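Each chain carries a letter (A, B, C and D) given by its place in the written order, and its residues are counted from 1.
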């Protein structure tokens, strides 16, 4: 698994007739034996998996399986009871949110977590926060270095805006946008961070078919054009199977399957979990 | 060294050396605490049911007490026996407070439903201005003596002085809490109120009218304000300063939690006892008049360990 | 739309304010302007109302009876401060140029406002009358040429209380070993007597216990626990507002002997003792003037105002302590205006002339008789260097059965040496700090 | 038509990110600045200075500071009065300890002192949120006022009522009784203009966005790499800096004398909080509008009711209080986002007015 591999086109990831030119690298991030508990409840129980550079990795499972908790562990919002996280050449018992962000882990949220009082543009600009270094003094003056930096980052954000086709929404407070667009802005904010790894928590929940198609296209584009590794939680099986290179399946906090979409689809435990076979 | 001695040793030595005085301090602290609780209770009722931080609670106490004294003055010339006047005036004041709740719901709360909490808080501030002006305009700004026949004497129990008015206040507060407890657990409306407190949407979906609930809860808070107004007003006379007792309730609120009735009571008692003991026994350290900030500091330090207060609902963060 | 209306209101406000600032010089004034900074609202309103009424009634009575002063009516301009310094400053600026005369004298009626206005009125040459409050060292007329604080300062009063206590205890030497507690409003005002009392404590060997009470003073249990514990022989109180009522009630509750409890003259009104009912019997307070309504001038007020329905308050409240206090402010102001006219030989007077009038105030028994106020207060004499006026101070006692205050002591002379020493020390420091060269008085 | 933006194109990001991108706004601002700088100084008198303009400007300054904390960073504070007192008393100490120091530096330094105190009392904000934090900041309010009243060092062992010594700027007295209204007005105006500009710069840049992100969704902000404690404390620091300067200006320029217990009591904290809520949370313009409403409305009503309608002062005051209260409620119902939002909506209407269709 260590050496690079190339997926055959049309097998799983990209729509048919589309040549997959991506290079999937070695593991960029991995978790080992993660346990998360809230009070007496075990949300994640001894889960391990890895994510390879450049792939789209899906985490699926029924409601309450611990998927969002897993993302929360990956970017440091939850501290696991035990286990470790390997990232950026280091190993941590728990991720530090600031370290995660500054090393290129960005995410979107299941329930949109945009800054509702700010405009679309400002929301995206917050994604550039870590790239902006001018100190307080220059910020007070604005003109000079701070403005230069501001404009450079603005140019970057404008590229994301163009990419996501939300140019018309620049000045609109995001609280006033419809749901689907809010999801898109949230993706934009994550993209503005220039992420190496993008964590997407149900990016298509509550969308209609067209919106889902748009969103799928963006995810694929991001993955292909920028080579961004994507970790994706999604309920829509069709989408998951189409998009992802590999899938982890969680049920009641435990990993029950891990593999390509086809492998997972054939796994009896997964079928049981989704069809609701009772646990003993 | 001397300072450390005064800070760390002397006060405790004093407590041991003067047990009777220590007990009296404790008792007075508890009594003061009861009075704080009475005010805090009004805040909690409204916050619990509607999430509104009702800044006007203090002014409501003033308004209720002003109305009561005003009505008693009006009834005075009728020649009725004093007890009857008092009962009539109290009943009439309760009616006024209920009317007030109706008006507040109609003119302030209903148009602001679903607004952010800080906006509602701000509106209660506007309300406190209106009530303050109206109370003074209607009844005048003079000090009014409030005498509804509560005992004012002092019991001397082996050199420990206990004011009967304080004991009355404690009994009133206790019965009030008991009545409220019965109201919340045994009556249909009470259960509805708790449903609203837990989840507005859910309450609406089972057919509880938010408007009614608000009127009821503001009426109850108005009656609590009346009790607080009577207890405080009997001591100092009824005058504008009565509205400032609200400040005394704020540390109690953060200590006890904004949503807990037992919290308001226990918080009040802790604040009352704590500030009296610190004020009295550590006098040589600070030189007096530390009660105000001490209450808040106590609450603040406490909050650092339990951000939701003593009995408040646990805050769970999720994304 | 709302904004335009708001702008309109503000515009109107501006218009009024700007027209107010045009001074004109006519041959004879229509009226003298005497602003009255009142607090008929807010936390201290119960005290502010009678003071304001007494002041207003006296001038209105002069207007009704004599057609004013020297035939010129006095226009008392009330301005509401709610006992708030910021609003008082607004009031001062709003009224100081009103009318043809401009403000002839200002009564700020709060310590904070007094301090804020001392430099301003000095600059604007308008006398500031602070009757028994304000800045003590303003008694030094050389440093504070426009500030008057007759008939006595807090420092004078503190020495009088100690003298009274010594009298009751049978002599100054008996103060030794006694314990005197001071319960005070925790503000600049309440802290005023501390320095004096500390000096006296050191000199006469009594122990001083300091018990601050924070504004507003609704809740004082801790303070009175301290009193219970410290067991002082005498209690002094520098209180204000609701603090007074609660303190008297708490003192009764711990069974402190009321006749050993002396309040400053701002803690000795009917309002302060009323909520305590019979428990306040025997409570003492300082006073600068006699209580009650048995004075000719008050009769005149009844006759010329209340009988015609023109009184400022309720008739039954004429003669209350604070009503008489307001009346005294008016009497002194009127007297200063009269003096100013006499000295300068014209009725076209302004604030600076009235200052000279204040410095010529010499009210002896005969003068009080002329004013229909025989026995109202002991003689005072204000001079260029002495703005305190050497008033004497008495102690009065409350009797809830009759609902009246009675003066129970002689009119006691303060310890002038001690007070003067403190005054000159403090005023010299003020002069140095503010680059003031004390003026010459001859 | 008045606010027509058609035809005003932005050709680069710098032009798009300027403070007043719309041409009409620039004109309006120009007019206001011209009046403020070139007209008012020549016509101002004591009344306009002490009763109207200084209170308005000083409270605008303080409201601006509080709005940074509450409106932009979402941390409700009721310690404003206490922080104002820190500004006033530290400027008094600095001013009397170093009589040669220029008043501008004195005031800036006292702003710095206040910022330090603000950071200290901002520490609990990491754990405490919402109304709990609001009430907890009252600890700062009560403790600071008690301290300034209690510890004689702060008032140089004299009266706890401190008095501002006379100080000059460019040869003109700006504090003390002899200071001319023009000098005082321009002094405060200078502070106001400079620091409004700085505030505008801060809120439109990186720091402002970090504040707003904490306000809107602190968890998401943290996961973007924004450090909550640092961000909150920076808001406390900047906010307290402004409030401290405001307190120092009240002391030196407007009142000339203050006493902590009276001038900076808890009601001041509420007063400023109301100003920003009425004016508009998270809006620099809102701070100005709110301060105007809270500071000038009572004066205006007083003039109308007492001088205009000849009402008795106490009745007028009661009615004034009721009116202010009713107006607060009315504005909240009409536009919960404050006068600033109302102005924005008016502007949007004016884009088409008088031809709305």
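One rule holds in what follows: contacts are C-beta pairs under 8 Å (C-beta built on N, C-alpha and C of every residue); 3 or more make two chains touch, one makes a residue touch a chain.
Only a predicted model underlies this, so the values are computations on that prediction, with no experimental measurement involved.
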{"item": "Required steps from chain A to chain D (each step between touching chains, minimum)", "value": "1"}
{"item": "Intersection of the contact lists for chain B and chain C", "value": "D"}
{"item": "Identity of the chain that, by mean CA position, is farthest from chain D", "value": "A"}
{"item": "Distance from the mean Cα position of chain D to that of chain C, given in whole angstrom", "value": "35"}
{"item": "For chain B paired with chain D, centre-to-centre distance based on mean C-alpha positions, whole Å", "value": "32"}
{"item": "Cα-centroid distance, chain A relative to chain C, in whole angstrom", "value": "74"}
{"item": "Rounded Å distance, chain A centre to chain B centre (Cα mean)", "value": "50"}
{"item": "Overlap residues in chain C, where contacts from two or more other chains coincide", "value": "40-41, 45, 49, 186, 214"}
{"item": "Shared-contact residues (touching 2 or more other chains) in chain D", "value": "146, 219-220, 223, 314, 318, 321"}
{"item": "Residue list for chain A, restricted to those that touch at least two other chains", "value": "77, 109, 113"}
{"item": "Sites on chain D touched by chain A in the complex", "value": "13-14, 17, 198, 201-202, 204-207, 209-210, 212-213, 215-217, 219-227, 234, 282"}
{"item": "Residues of chain D defined as touching chain C within the complex", "value": "45-52, 55, 146, 149, 158-161, 163, 165-166, 176-178, 254-259, 261-263, 265, 292-293, 296-297, 299-304, 306-308, 312-314, 316-318, 321, 330-331, 334, 339, 342-343, 346"}
{"item": "Residues of chain B defined as touching chain D within the complex", "value": "53, 107-108, 111-112, 115-119, 121-123, 125-134, 136-137, 141, 247, 250-251, 253-254, 258, 286-287, 289-290, 292-293, 296-297, 299-300, 303-304, 307-309, 315, 317, 319"}
{"item": "Chain B-facing residues of chain C, complex", "value": "40-43, 45-46, 49, 186, 210-214, 216-219, 221-223, 225-226, 228-229, 241-242, 245-246, 249, 253-255, 271, 274-275, 277, 279"}
{"item": "Touch list for chain A against partner chain D, complex", "value": "75-77, 97-98, 100-102, 106-107, 109, 113-118, 122, 125-127, 129-130, 132, 134, 136, 139-142, 146-147, 150-151, 154-155, 158, 189, 193"}
